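One structure is given here, and the rest of the page talks about it.
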C-alpha cells in the first residue's frame, strides 16, 4: 500500500471520532497544494500528502479547539502541534495526530527562479514526480528539475522528519537530514556585519507591504484579531508605512515567538515579497537553545514562562 | 599513581647554605617518582633586595627564569625555597597585567609564551603525592621523635598569593611529619617571624625573634624544629650561639623536612646530609630510639592485657554456653561460636608476646 | 486635559544646579500643559497651597511636580491634589533632585535633563486615568517573629492596646540575647531582673499567644490579611502537661550535651529547661544528645516525670494563623570568630567570647557567677579583652561596626574588677565608640576608677605559653609592640544578621542588605516600616543596636502596626492589573507567571478568560509584560504610559 | 531639543521602583557624580519590562538602553527579576542580527542601598555608549527596491 493509501485509511479510521481531519488537497495551481478539511469519506478524494504539502495544518488547530479533530502532519508541523499543546493553546487529547515520513517540500520561489525567463510558475500546467526529479509541463515544453534544487531551505536542516508525537504513524520512519540544527545560516548572516545588516533590513522593510501574511501563516500567533500590531490599547505601532514601524512589527513577532518558534518557516514562505523574516526568529531560537537547551515543540514548558533561581548558563556582566 | 614530571628551580641557597635541603629534596623526589628537570642556566629570583628596589626589574629576573624553562619546554615549576616561590609567583601574577607585562618584556626582550605555574616542594608533597603514599614509603619510622613544624612567614602568606593551607594555622607539614611516624606537638609559633634578613641591618633582632621560637619549641617538649625554608633554617640553627648568649638556653637541631623524609625512607646518609646541620641531630635520634622502645613495651603490655581480658570474657561465655546447653538444645550454637572467638583472640595475644 | 507643572527649587538643592524658571518655560510648551511655574518648596505648606490654588484657578485636571524622588513625596503631593478635588492618580512626579541636581554641576545639561524628565512625566500624565481604591476588611491580629527584647516590647505594646498578638520564637524560651546577659551598661543593672518581668507579662497576657520552639514556615496573602503557617518543632515533652518542675533535667544521664543557652560554658543535659527564668518554663529534649534517640534505650525522663509529659513519638506540628500585620524582630547572631586562626580558632580553651563571658559572670550561669578559666578552673588575674573581632574587618566581609561591643567590653571590665578585686583588665581597641546617654562617661570610669588598661591597637596573635596566653599586639599610641601575659582572653565578637535571615526575608518578601539585615522603608523617615505593606521591623534584624534602641524600635513597630490595624477596612492599591476581556485569548501565560497566584481562569460564554483577583494582585506587572497582545494591563503603568515616556525621549 | 547636541547621547534606563530606582536615589543623596545622559523610566518591577520596550527605544533612536532591577532573591515581588533576566538575556540574541550593536543594551541588578554601584554602572555604561558613538538611525532605503529583488 502506498503512503497515500495508508494515510487515507488512517484518516478513514479516524473520521468517526473527529469533526474533521485537516490535510492537503489540490490548490489553485499545480505547484501549490491547499489545506483540505476532510469531514467525510467523500472529501478524501482530493487528499494528497507529499512534496507539495507545504502549508502547516497546525495553524487551524487553535480555532478548532473545543471538539476533537484530526490532523495530518509533517515532522515540522508536529512540532507546532507539540508547542501548541505545551502552551495549552490546544488540548492534546482533542487532537488526533496522523504522521508520515516527510522527505522535504517544494519552495515555489526556487522553481520560479529556475524558470526565470521561460515562464511564470502560474503557467505550469502540470507537475509530475519522477524519482528524485520533478517534470513540469510549461508552455515552452517539459522541464525537468532536481527536487533537491527546489526543496525548501528548512528541509535542508530538518532534524525531525517524522512526527514524533503522532497518534498514528504510517510508513517507514526516515532518517533526519541533520541531527542538530547548527544555525549556520544565522552565523553566516550575522557575519555580514552590523552596518550591512542594518542596511539589509532597511532595504527589505522598505519593500514590506505590511500585509501581515507572515503573522497569519504562523501557527503560534494565536492572538489573531487582538494582535498588538493593530490595537490602540496598547498602541505599540502607528499604522504608517515607515520602515521603523514595519521593522518593529517584525521584532514584535520575533520577540513574541522567542522560546516558542519551532522554525516551521511558514511566515517566510507566506511573505509575498520573499522577505526572510524567519531569520529574526531563528536568531532568538539559537539563543534560547544555547541558554536553556530548549527546542520548541518538544512539549516542555517554554523557557520564558519559568526560571531558575541560579541560572547556570547566564553569565551576567559583573560591572567590575 | 603516575609519576610526576616538573621543572625544578633550586634557588641560590640550595647551592650554598642549604645544600642539605637541596640534596635531600632531590633524593626524596627520586624515591617518590617525582622527576625534577632543572631549569637550564637559571638565575637568582631577586631575593629580598630586588623587589624592594624595583618591581619591574625583579619581575624581569623571574621572567628570565621562566623563559629559560620555556627553552626546555618547561611550564610547571617547583622550588624548595618559599622565598623564591613568593618572588616567582608574585612576578607571574603581576605580569597578568598587560601594561606591567609590557614593561617586563621590554627589559627581557623574551615574552613568555607558555602557561606557567610555580609551587613549593612541600605543596607538591602533600597535594600531589599525598600523605598516604608517603606513609607507604616509610622504612624507618620516626616513632618516638617529638617534633614541632615551623613554616615561617612565607609558606602560606600572603594568603592571596600563596593559596596554600590555612594562612595562620597551617597543618600540611604537621600531617606529613605524622605520616613519617613522628609525634607532632602543637606549636603556636609555627608562622611567627624568625627575623628573616634582618640580621643584615640589625644583629639584635634576629636572635631575639628566632630565640623566641626555639624557646617555645623547647617549652612544648620538642626534640627538634622542622623547617622548610633556607633562611629560617639558618636563623634558627646557625644563630643558636647568639641566642644562648641572649639568655635563652635551648639546644635544638633544626633539620629540613626533606632530611627527615630521607631518613624515614632509609635513604643513604649522604642524601639525608644531617652532617651539614650546625646543631647535631644525633642526640635527638638517640632520644627517639629510647622513647620508641618505651612506647613499644607499653604497647605490648596493653595488647597482653587486652588479650587476657578477651580470654576471660571467652571463658565466661563458654561457661554460660555450657549452662545453656544443659538448659536446652539452643545452647549448642552459642557455645561453638564462643569457643571460636576465644581461640582467635588467644592466638593473636600469643603472637604478640 | 489641562496640565499644571510645578518646578521645585528645593531651596538651593535643585535651583543651585538647575535653571528652574527655564524648565518651567520649556514645560509650558508641552502638549496639554496650560500652566507651568517654578516654586521654592513645593512640599511645604505654601507650596502645596500654591498648587491647590493653581488647580482651582486654571481648572487643572492633572499635575506634574518636578522635585525630589517620588519615593519621598509622592504621597504628600497626591494628598494635596486630592484636597483640590483632583484624583490622586492624576499626578506625576519628575525626579530632578536625586537624579539631576545632586549628581552633577553642569547647569546647562541639568536644566535640559530636568526639562526632558518633565516632558516624560507630562506625557505619562496625559494617559493617567482616575483610579479609585477599593476597601477590604482587616484581620486585627499581629504576628511578632522573635521573642527577644525588641519583639517582647512590640508584642506587649500591641497587646496592651487591645490587639491580639501571636509571637513565634525559634528557641524553647523567649528572652533572646538579653536574657543571656549578666548586667547591662551603663547602669550595670541586672539584665534578667529588668527583662524577666516583661517575659512573664508575655506569658500571662490574655492577648498574647506564644509559640516557642517554633518557626515561620510560610507567609501568603497581603497587608491586612496574611495567612501564616507556623511549624511547632517537636520538643518531645507535652507542654500542656509539663509543670517545669525540672526533675527530668536532674535525672537525665546524658550530662555532656552542648548548653546552647549558656553558649557551651559547661555541659548540660539532653532534656533541658534553658534557664531558671525561662518563659515558657517547660522542658524540651535536644534530640541529638538524647540516649533514647541515639541508642534507642534510656527513657529515664519519661519514668521520672510526675505528669507523664514526655513523649518520644512527638512530631512537628503546623498551625495556621491569619494576621493583619507582621513585626520581624529576629535579632542577630555572633560572627563565627573561629575564622581567626591567629586567635587560636577555638583551639585554646581560655579564649572565650564575650557572650560566654556574660554567662560566666552571671550568678545563674553554669559557674554560679564565679569567673574561672575553662582550662583549669582557676581564677584569672590578667584578663585581656580584644575588641572588633569580626567587626570593622573587610577581610572577612564584615566591614561594619557592631555598635555595642565597646560598651559591653567596658561593662565586662568593670564586672571583672567587681568579681576579682585583684584582677587587671587590658582592653585592645581600635576606637572607643560610645555615643549615647551616659556611655562615654562609662568608658572613662572603667579606665579611671577601675584601672582597666586600654591599649589602642589590634591584636595580631594569641598563643599559649606555660599555661598562660600570650597576647601580642600593637600599641599604636606608643608606636610599639606589646605582649601581655593573660590568664583569660575575652573576644568582643562582632554581630551579624541572624542565621537564615535572608530566607525569612524572602518569605516575607522584604529586602535585605548585603549582610542579611532587613531593609527599612527609608533610612531616615521609615525606620521601622519595610517596602512591603504590613511588615514592620524591630531590633537588630534591621541593623545592630543596643537594648534601649531595640526597645524603642519595638514600641515604634507596635505603634505602626496599631496604626494599620486600628482600621476596620483598608484601601487596596488600585495600581493593579486588569484584563480587557475582549482581547484576552485565554492562553494562560499570565496565570502561569503570576508570583502571587492573583490571576484565575474564568469561563465567559464558553471562552476561557483571565481574571485578576484584586485583593491579591500586588501590582508588579509581570503579567502585563508576558501577555503578547497586551490584554492585561497594569493600571498607572500601562504599556501606553511607558511607551509614551519612551516616545517622549526617543522621537528619532 | 532632546539631548545636548555634541555632549550627550540618548540613553534610556528602565528601573524597578523598589531596588534600582532607590539605588539611583541613594546615589543622588550621596552626591555621587554621574554623567547626565541617562533618562530613567520608573516601573514597578523589572518583570514589568517587556523586552519590546527596549527595542522600541533602540529602534526609536536611543543610543543605549540600560535595565536595572533588584538582585536575584531580593525582588520585591519575589520572582519578577528572574523572568526579566531570562527575557533580557534572550533579547541580546536579536540585536546583532538586526544590525544593532549588542553593547548598546545591558541589564544589571542594583539594590536600594547600592548608591555607589549605581554610580559605577551609570558611568561605565555611559562611557561604553560614548565609545560606540551615536547609533545609526533606521531610515527608509534610498531607493525602493524592485519586487522580488
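Order of writing sets the chain letters: A, B, C and D. Residues in each chain are counted from 1.
Criterion: a residue touches a chain if its C-beta (ideal position, glycine included) is under 8 Å from a C-beta of that chain, and two chains touch if they have at least 3 such contacts.
Not measured: the values here are computed from a predicted model.
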Pair joined by the larger number of C-beta contacts - A-D, B-C:
A-D
Round to the nearest whole Å and give the separation of the Cα centres of chain A and chain D.
34
Quick one: chain B and chain C, Cα centre-to-centre, how many Å?
50
Rounded to the nearest whole Å, what is the centre-to-centre distance of chain B and chain D, using the mean of the C-alpha atoms as each centre?
57
What positions in chain D touch 2 or more of the other chains?
56, 60, 73, 79, 83, 87
Quick one: which residues in chain A touch 2 or more of the other chains?
236, 244
Among chain B residues, those touching two or more other chains are none
Every pair of chains that touch: which are they?
A-C, A-D, B-C, C-D
Inside the complex, what are the residues of chain C that reach chain B?
340-342, 345, 347, 461, 463-466
For chain D, which residues count as touching chain A in their complex?
51-52, 55-56, 59-60, 72-73, 79, 82-83, 85-87, 89-94, 96-101, 106, 108-109, 117, 120-121, 124, 136, 138-141, 144-145, 147-149
Chain C-facing residues of chain D, complex
1-4, 7-8, 10, 12, 17-19, 21-22, 24-25, 27-29, 31-36, 39-45, 47-50, 53, 56-57, 60-62, 70, 73-74, 76-80, 83, 87, 111-113, 119, 137
Chain B to chain C touching residues, read off their complex
166-169, 186, 188-189, 192, 216, 219
Within their complex, chain C touches chain A through residues 580, 582-585, 587-589, 592-593, 606, 626, 628-631, 633, 638-640, 643, 652
